[in-house]
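Okay, handing you the structure first.
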Amino acid sequence: MTDPIITARGVDIFYDTKQAIHNIDLDILPNKVTAFIGPSGCGKSTFLRAINRMNDLIPSCRISGDMKIAGQDIYAPAVDVVALRAQVGMVFQKPNPFPKSIFENVAYGLKIHKITTSKTEMQDRVEWSLRSAGLWDEVADRLDDPGNSLSGGQQQRLCIARAIAIKPKVILMDEPCSALDPIATAVVEELIDNLRKDYTIVIVTHSMQQAARVSQRTAFFHLGSLVEYGETKSIFTNPTDERTQNYITGRIG
Amino acid sequence: MSVRTTLTAAAALLAIAAPAIARDQIQIVGSSTVFPFSTTVAERFGKSTDFKTPVVESTGSGGGLKLFCAGTGLDTPDITNASRRIKSSEVELCASNGVTEIVEATIGFDGIVLANSIEADQLNVSLRELFLALAKDVPNGDGGTMPNPYKMWNEVNADLPAVKIEVLGPPPTSGTRDAFAELAMEGGCKTFDWIKALKKEDKSAYKALCHTLREDGAYIEAGENDNLIVQKLQANPAAFGIFGYSFLEQNGDVVQGSVVNGVSAEFEEIAAGNYPIARSLFFYVKKSHVGEVPGIAEFLSEFTNEDTWGDEGYLADKGLIPLSAKEREAWAAKINGLSLLDM
Amino acid sequence: MIDLTKKAGFGLAGRHRAEKRFKWVGRSAIAISLMFLALMVGSITLTASGTLRQTQIAVQVDLGAENVDPTDPASASYGRLVKSGLRDMFPDVTSRREKKALYNLVSPEGSFEAAKLVAKDPDLLGSTQTLWLTASDDLDLYLRGKIDITLPQNQRQISDKEVVWINALQANNQLRRVANWNFLTGGDSREPEIAGILSALVGSLYSLAVCFALSFPIGIGAAIYLEEFAPANRLSDLIEVNINNLAAVPSIVFGLLGLSIFLGYMGLPRSSPLVGGMVLALMTLPTIIIAARAALRSVPPSFKEAALALGASPVQAVFHHVFPVAMPGMLTGAIIGMAQALGETAPLLMIGMVAFIVDIPDSILEPATALPVQIFLWADSPERAFTEKTAAAIIVLLIFLISMNLIAILLRRKLETRF
């Protein structure tokens, strides 16, 4: 088995005194799609956001335990959170392109991280990102149009293009399809499958069917604890824990 | 922010450089009564010479003298106008801040009129009656005082009209109010012998009795804007207003001045010294600034020119009552010679 | 059974009546306000219309070589020449009093105007010329019918003799009315016929420019810091409370501060637009900060989040994404602050800008006055003709305000990003 890229050991997350995540041990494998599933309020989004330290923006949120990416403790004082987020990208539930043009949206990450050195290099990279996101054919002739003039599904793919433009190692996706119609969802799911070759993807989803379609490994969360984690096929066909069984069959959740 | 640092640097530089920036404009402050005359001379001076037009502020006599006496630096005014003579306490204040060489100038007279709407009858009143109508406390006939009981003019004197006493006048911050209190109120007050005797015994009680105006609504403080008082008199023919002669002259088609002590409020009567409510107007100059700020000597010479303050001068057109020819000659010599104030 | 008609009960009749009543109350409130506005603007415009034109009088002035030296025309005594020109036009005026009244038909500015005309056109020299000079304010008022001739002579500004002369001048076409450009191009004056608004206008412009240059960057910067970067502790709360309180402080207090610190301690020149602008900036800062914070708060947090997740530093996230979206709201707050500053006189009083200033200021360090101050000073002057000038100045101030608001709206349109 390959070395995990993200390892969590004994992670607890608190909001003031309320404990949202209890003692999680988890390994995320590289170049695989890992799905986090579970009923509402089980803490899967909270745990996801701990991976790129987006919980730092919430003053009342505290984390303890060990969270390592590529062997480095991401909560160590020496870690530059900007560097972390440059290498761990995120796509949000509601598509949020910047109020700028399509080109500007994708190029923003390249600009602030000073990745490209010339204008042509930037244009090439933007084209490459949009192609990888499967959006190029639809927007090639209108790159200067505002990002929010696109449909919902296109906007989400734009956000994905924006995230991959800087070639992160990991892409975190927090319920990326919940605001999209079925056709757009299908397009994004196919995109995720294509991206898996070059990126590690962690996706939070409230749809078990989506998890079954898209992921190779699945983690089931319940009331802040990691109940079961393993190959997607075995979780869905042969769960070991009773709670997992109840969730999959629809008895709870 | 680099913008902020640039601005702080600029402000700091200005702070250091400012004292070095020499002032080439004469700065005048002081009385609002002298303001119209001072500004007219300033404007002519600026137009007919190469000097910049002096900047004239209307701060009130007291306020002006305070600024004037604050020091001798170029950040203090050169000249201050006053509608009353400088007090000894102000001379002391000046001296304590280094201002010892003050040149005094008397420029003419100003009449204070009691006016009413031209639609109503003209009032013929004496100072004594004016005092009885407007004072807070009046003699009670037994050698003491009582709160003013008179509500109508004919209660004070049966010859006066049967009209409610309603007078609009300046607020306590105004020099005109001080002058009215001193000339009209005190003038009527001391016609009572026992009050006159009181002056020698208890000066502060005398002043309190003679200068305090009634506060029961018959005397209304109508603000500093005399144009507003004129408008109010037009709207209310039963009311009277107290303001300077120049406003009477300019609005002669809607208001008329009352006859006081048998003398009407006319230019010639005030100039002759017959009209009882008239006061001198002054300005004071810092001798040390002459030469440091360009043009002061020339400004003084313009002011003391016959064409300016004489009987046919342009200040008379503005409503200034001129000094007598002899007095003008004497004062012109004193002012242009920069002779110092002698209290 | 289900009844869907109006008589179905449910208190419908009364409720519909209440709706109608409220609609009419609203409409009448708007109508009354508009009526008062129209009344106010209408009456001011009517009074101000007298300033549009000024009267000029044609004077025969002898500019021959014995009166004016052709090599140095500026040295001639034009006052004397104008006076003798008037005497020649009315040779039967002999007494001192009457001569003075005759000279007063021409504005005191007349002699200076004659000099300027000669300087502009030296060909006039050497002979007697007809010069059109500004007439006095009383003559102008009489021509427009504002002086009641039926009153006894001592109650009006124009004597019977003067009426005779004016009628004669009019009969000989020696009076004319021209557009009064002097109002917009000239500085203040004691003579209402030539008083102009330019020095006050330039003073206001300079003061507002200084105010904007200081208060906008500092105010926006403070708002961004307080809203986005300051830690949420007691100190931040204290600062916020203090800023809100400062917005309610009477403006004259800032004038006193300006007097003691800017004039007293820093020694900056009195009556200058620099100090005026600095005092106004102090006064406007709380307004700008409060409006800017509200604008920042109204930006959806999703942009900032997306930027941070992409690896932007906090400063980059705020300035690249939050600030541009909040900019239209910040500009609105700034314009409200500027409009407030434009109309203030109390703080300017303490620093010496409430003064009679004739010369147009060349820089922000020279003495200047402001538009509302000019209105206040003119309203206080005894000469009758100043009432029209005051009304005209109010119109200029209103136009200035409206222009500022228009610029703000245009800027907003341009900067507004659709999201």
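Observations on the structure shown:
Which chain is which? They are A, B and C, in the order written, and residues in each are numbered from 1.
Here, a residue touches a chain if its C-beta (ideal position, glycine included) is under 8 Å from a C-beta of that chain, and two chains touch if they have at least 3 such contacts.
Everything numeric here is computed off the predicted structure, so don't read it as measured data.
In this assembly, the chain whose C-alpha centre lies farthest from chain B is A.
When chain centres are taken as C-alpha averages, the shortest distance to the whole-protein C-alpha average belongs to C. One inter-chain figure worth recording: chain B and chain C are separated by 29 Å, centre to centre, where each centre is the mean of the chain's CA atoms.
Note on chain placement: the centre of chain A and the centre of chain B lie 82 Å apart, centres being C-alpha means. Once the centre of each chain is set as its mean CA position, chain A and chain C turn out to be 60 Å apart. In chain B, no residue reaches two or more other chains under the touch definition. Taken together, the chain C residues at the contact with chain A in this complex read 232, 302-303, 305-313, 316, 320-321, 324-325, 417-419.
Against chain B, the residues of chain C that register as touching in their complex are 96, 100, 104, 108-109, 112, 147-148, 151, 154-157, 189-191, 213-214, 217-218, 221, 263, 266-271, 274, 352, 354-359, 365-367, 377, 379-384, 387.
Residues of chain A that touch chain C in their complex: 52, 54, 57, 59, 82-87, 89-90, 92, 94, 96-100, 108-109, 112-113, 146, 148, 159, 162-163, 166.
Within the complex formed with chain C, the residues of chain B that make contact are 1, 3-4, 7, 11, 14-15, 18-19, 21, 23, 25, 27, 32, 35-36, 38-40, 42-44, 46-48, 52-53, 55-58, 75, 118, 224-227, 246-247, 249-253, 256, 312, 314, 317-319.
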